[in-house]
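Input: structures, listed below.
In what comes next, subunit A is part of two complexes: it sits with subunit B in the first one and with subunit C in the second one.
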Partner chain A sequence: MKQKLLALLLMVVMIFGLVGCNQKPVTKEETEETKGKELAEIATEITEPTEVNFWHSMQGDNEEALIALADKFMTENPKIKINLVFQGGYRELFEKLMASAKANQLPTMTQIYSNRLSWYVSKDLVENLNPYIENEAIGLTDEEIADYPALFLDDGIWDGKQYAMPFNKSQMVLYYNVDMFKKAGLEVPKTWEEWKSTAAALTKGDVIGLVFANNLSTDIAPWVKQSGGATMSEKDNVLLFDTPEMKEAVGFLNSLIQDGSARLAGEDKNPNVPFSQGKAAMCVASTSAISRIEKDAVEGLNWFAAPLPGNKTNDQLYYGTNIAVFNTGTPEEKLGAWLFSKFLTSPENTAYFAENTGYVPVRKSAKETEDYKKHLEENPVKAVALESFDIGFQGTRNIGGINALDILGEELDLVFANEKSVDEALKDAQERGTRALEEAKKN
Partner chain B sequence: MMKRIISKFTTYTILIIGALFILVPFIWMLSTSLKPYNEVLIMPPKFIPSKFMWENYRIALEAAPFKRYFLNSLFVTTMITMGEILTAILAAFAFSNLNFKGKDILFTVLMGTMMVPSEVLTIPNFVTLSKLKWIDTYKALIIPWCASIYSIFLLKQHFQSIPKELYYASKVDGCKDFKFLWTMIVPLSKPAIVTLTLLKVIGSWNSFMWPLIVTNSDKLRTLPVALSAFSNEVGTDYNILMAATNLIIIPIMILYIFLQKHIIVGISKSGIKG
Partner chain C sequence: MKKLSKNKELKAFFYLLPALLIIVTFKIYPIIKSFTMAFYTDFDYLSGTVYERGLSNFQYVLTDSDFYLALKNTFFFVLGVVPLSIIISLGFALLLNSNIKCKNFFRSIYFLPFITSTVALSTIWRWIFNGEYGLANYLIGLFGIDKINWLTNPNLTIPILVLFTVWKYMGYKIIIFLAGLQNIDEKYYLSAKIDGANKWEIFKNITFPLLSPTLSFISITSIIDAFKIFDQVFVLYSGSTGPLKSGLTIVYYIFNKFYRHWQFSIAATAAFILFIIILIFTVIQLKISKRKTNY
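On to the complex of A and B.
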């Protein structure tokens, strides 16, 4: 008996020990050294060969475009070597970044979502880019800064400091089947009411009016914003799941699903899949799906895209990652990383990246470059995402916000499956989500 | 006579249905790997592609440095399997045949570690390895996997089923523990060891997350990492993915064909299935 108790005790100690290891936060003491570095003067010239490790999740055509740009950069800057390291999908990349942060092994720079970067900013691990931007020799002019759509720069600003530069951005748009609209004599909807009636009118036989993505957690943002609300407040770090605005948004989506004129992607995985097969008249998806739809489309599919229909406002959701430089590198490495960030977001390079991938250029003047102009003429659908910068916004960045939104997504699935009322689901999502947010703070 | 026919008929029907359940996904994978892109998701599904796209295999092979990944997978899997089987045999023997202080407590504690989900361990393990400066080396890919409590437990149970009389008799004849282990226990436990080997080979061959996390350079990455190149947030190139998957599973298939006899004995004796 005594032996068993001892064994049990040892086991408990061990398990908690392990979990404890995992949750060990990076303390101020650990970052003291790096903080000192941040205050130090930045390097403005690279005299010795310098290596910059850039972790990313770009695959296929996207990776090829990135490699081509890195090669071009290295030819122009022979002293800087950019090591592009593919770290799997976003999930794997972020998990690895987290592990590396805890082991003090962060790369020089990375591709990252702002809602993930907020944790690193809070731990003082990210390089403030303002000194670089403001520097005359290596920085950006006021004109250049104004050339970045404000919503993209804002996504990388915390407490007035620029911690990230925009990288691969896209917009959530409404794809529609032009022929089906023509045949039914319908216009592309501009408001929720029009949208609802259009979806109902186009649902016929094995064609459904509208398809949404499977997990409406982070993607719920545009409808809430268009109803005058938000998913959470970044300033007070509180969730706004159980609010009249959220209820209006969820109620609208649910009414479409319940009356049979809309569905989630389900087994198709992505909403663009049934749309490309001509089995949906409309779908809501990212503009990064454009090349995929082109590839998947059944013969003769005539399609185009439009901004999402509005409600009280016409806010449009943009998403995508930024590039951030960690402050753990040497001054030269950080300078190399800044120069590469600046290079990637120059009008001609971001235009090149956008042309070869499905993403949006992150500079307004990119559409004036000869190549991209020609590209837009050949692919007019790509111009859609360039037209809503002024009414665009990006998702919230609260630490643990993704976990809370995942919970909201779970609750919404119950609503869409008719297993829970909207009121009940939102109340539960608020409670469970708040717990997740609290939990994340401890990390 | 009639009864026998009915019973045979029932048995075969059940077996055929079971075989179909296992074979259809496999055939589907083969057929998808040869389809043109636009036939992958069409309804009703097509088992025979309108045009055989052998090209898919070429595209798959060109998408990643397969040769390097293949050699890495082969090396890492071989080392891990050998390491684990060796440590499992030694530890299982100690737990089943030897008497030492704290044996039961130690075993319970080891069993306790099986209750910790592996996801929880990723970050602490990464931190440990980076402190040892093992990140981006073969050591990180191999050494952490060279011991498994599950294998120790399984072998211990098997070793215990071997009559103790054999052990005592060998002791009387002056046989040392180590010799007894290698000349008696290991040959008698061949089916269990083969089963473990195969499970381990499949596990490490397919392992994705760990090799990706502990390596940064292409020259150290393994085959499953190559598979991740065919899907992203907006969709998956199923035909190319299936072509690559077919290429990757060939070695496992060959191994299975060679070890089939032992595996079946192993499964029926140890009651463990893959």
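On to the complex of A and C.
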């Protein structure tokens, strides 16, 4: 009995000892005030050996290209050591980042989507890159800044501050089987109507006209935008799921699926899988799938890619992650991370990365470099994604936006499975999504 | 004398201290922390400061249609797995306990799935049930049955999970049952035979009652395990909750809320509710087994 009591007592003491540390009554205003404190001056020179930890999700060819670039950087900057840490797929990377943020052990820099980074920006954990960019010795000139496609830089800007630099960008495109089109005497569709009739015409026997990705939550964006709408407004933090534009977009996709000329990837996981097996005439996927299709394509598969067909407008979706530097490192580490970010996005290096992966170079002048020019001549399909920068846009970044879009994706699945009408599903998605968005504000 | 025992107690306490420290920091503290977290309604996840506490998380979870879907799926799963796995493994244990050839061989065969990692097994099952190239469809094809979309049909999700789980944990349960069976004294069987009892009567009146402590142990642990199902779904459906969320279980709900949606306090609340559910079931079972068990 006494032992039990003693053990219990000890436990209670320990628990309160642990909990007690952070139980001071605090009001929100107080913490907000301390947040406003100006950050220390940036370092502009590296004198001591510095290590930079870079967490990423690049596998296979992508990882090899990244390693080669890091090696090149380290030879040029012998005082900086870049530790590339592969953290699994994107989801795992973001899970680990979240846990490391709590444990106060964030890496120096990471690969991250802007819709994830917005939370870290709101928590004041991300380094503002403007002082580095504007610095004469280590920064970028105005011409260099203008050389980045505006949509990529904008994706990393919050309140006028550059928090992230573009890294691996790709475009959502329409892959098509050239031979099937030739045989049927069809042109590559440019509008939704043409697309619909083409998909129906090419659906024969084993072959389906068109395959979409499984989760159309974030991927619904281009069709909504082409109908004149958006999935949500970032400024007012309001969802726009239950709108005529969204209905038009979902209605269009659903009509394709219901008449049997299109399907979701399903068990194939990715739409490019049935496409490279010659079981689909068209598929919608990222340009980052190019190297996958090249590898997996059945012999003699003659394929190419085109921008997505348009509706009221021709807007094209670009996606992919950026690289961000956390403000938790030492000034030297942060400087090293900035220098590496700048290095990765220089015209030659981004061209090298694009050459060896399916991604797009993030500098307009990259296509003027000799190597990349030659590469484009040999791989004309890679030029497709370079042509829509002016009509390109990137996804929304609202905190909690992913949660709301997940709900939209679930409701869309019900529509495609014929369990719910479009109107009903979008109404429910709006309601449940708004709740999720509200909930996300709480932490 | 008194002094001595006190000394002894102290000594024992210090021997226990290292283990206690580990248990308290890695088990007890997180449990208590997540319980308190269920009541945070406005807080800073990173600094740990809480601005407001309340019950609104419970209101959120208990009005969330997804949570009820998760409850429904989990209950169906438990209802399928627990009785089925007990019956099947008890059956095999009885067979293995009788005098059949290659007893040890069969015992290891049944134990193999248990010691293989769930992730590896789920990956294999994903291929077996692949709609296009899977073994399952090949086999039913031999009987002229059309291909079935095992993994994309929402109605088949729970049955497949039940089948998988029963098969995976069968070996472990068989071993426990075998131990229970071998504890039953041979004399009872001999005297029953003398009295002319048939096999069924022997099972009903001797084996079953004397096996009841093992049975209640198995059923309690099976129920607890079944309520916590997660990894099978995660791997079998490649990180998703299955077609039309048909594989969304309570733990999956918690996982999604925590890791994917960063709704930390909601996840804590759901975990709290799961704890209560399991507690209720365990208490009920303990009550029943206390009344019915022959030790």
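One rule holds in what follows: the second predicted complex is superposed on the first by the 405 of 443 C-alpha atoms of A that agree within 3 Å, B and C clash if a C-alpha of one lies under 4 Å from a C-alpha of the other, contacts with A are read in each partner's own complex, and residues count from 1 in each chain.
Everything that follows uses one rule, which is that a residue touches a chain if its C-beta (ideal position, glycine included) is under 8 Å from a C-beta of that chain, and two chains touch if they have at least 3 such contacts.
Note that the structure is a prediction, hence the values are computed from the model and not measured.
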{"item": "Contacts of A:Ala417 with subunit B and subunit C, given as first, second, both or neither", "value": "second"}
{"item": "Subunit B versus subunit C as contact partner of A:Asn272, first or second or both or neither", "value": "first"}
{"item": "Subunit B versus subunit C as contact partner of A:Asn314, first or second or both or neither", "value": "neither"}
{"item": "Partner chain(s) touched by A:Gln87 [first = subunit B, second = subunit C, both, neither]", "value": "first"}
{"item": "First (subunit B), second (subunit C), both or neither touched by A:Glu95", "value": "both"}
{"item": "Which superposed partner A:Asn403 touches (first subunit B, second subunit C, both, neither)", "value": "second"}
{"item": "Contacts of A:Lys295 with subunit B and subunit C, given as first, second, both or neither", "value": "first"}
{"item": "Footprint overlap on subunit A, comparing subunit B with subunit C", "value": "3, 6-7, 10-11, 14-15, 18-19, 22, 95, 98, 102, 269"}
{"item": "Contact footprint of subunit B on subunit A as seen in their complex", "value": "3-4, 6-8, 10-11, 14-15, 18-19, 21-22, 53, 59-60, 62-63, 85, 87-90, 92, 95-96, 98-100, 102-105, 268-270, 272-273, 277, 285-286, 288-289, 292, 295-296, 298, 358"}
{"item": "Interface residues, subunit B side, partner subunit A - complex", "value": "37-38, 41-43, 63, 104-105, 108-109, 112-113, 115-116, 120-124, 126-127, 130-131, 135, 208-209, 212-213, 216-217, 225, 228-236"}
{"item": "Residue ranges of subunit A touching subunit C (in the complex, touch as defined)", "value": "2-3, 6-7, 10-11, 14-15, 18-19, 22, 24, 26-28, 31, 91, 95, 98, 101-102, 119, 123, 125, 214, 266-267, 269, 400, 402-403, 406, 410, 413-414, 417, 419, 432, 435-436, 439-440, 442-443"}
{"item": "Residues of subunit C that touch subunit A when the two form their complex", "value": "9, 12-13, 16, 20, 24-25, 28-29, 32-33, 36, 40-49, 51, 60, 65, 130-132, 149, 151-152, 154, 238-240, 243-245, 259-266"}
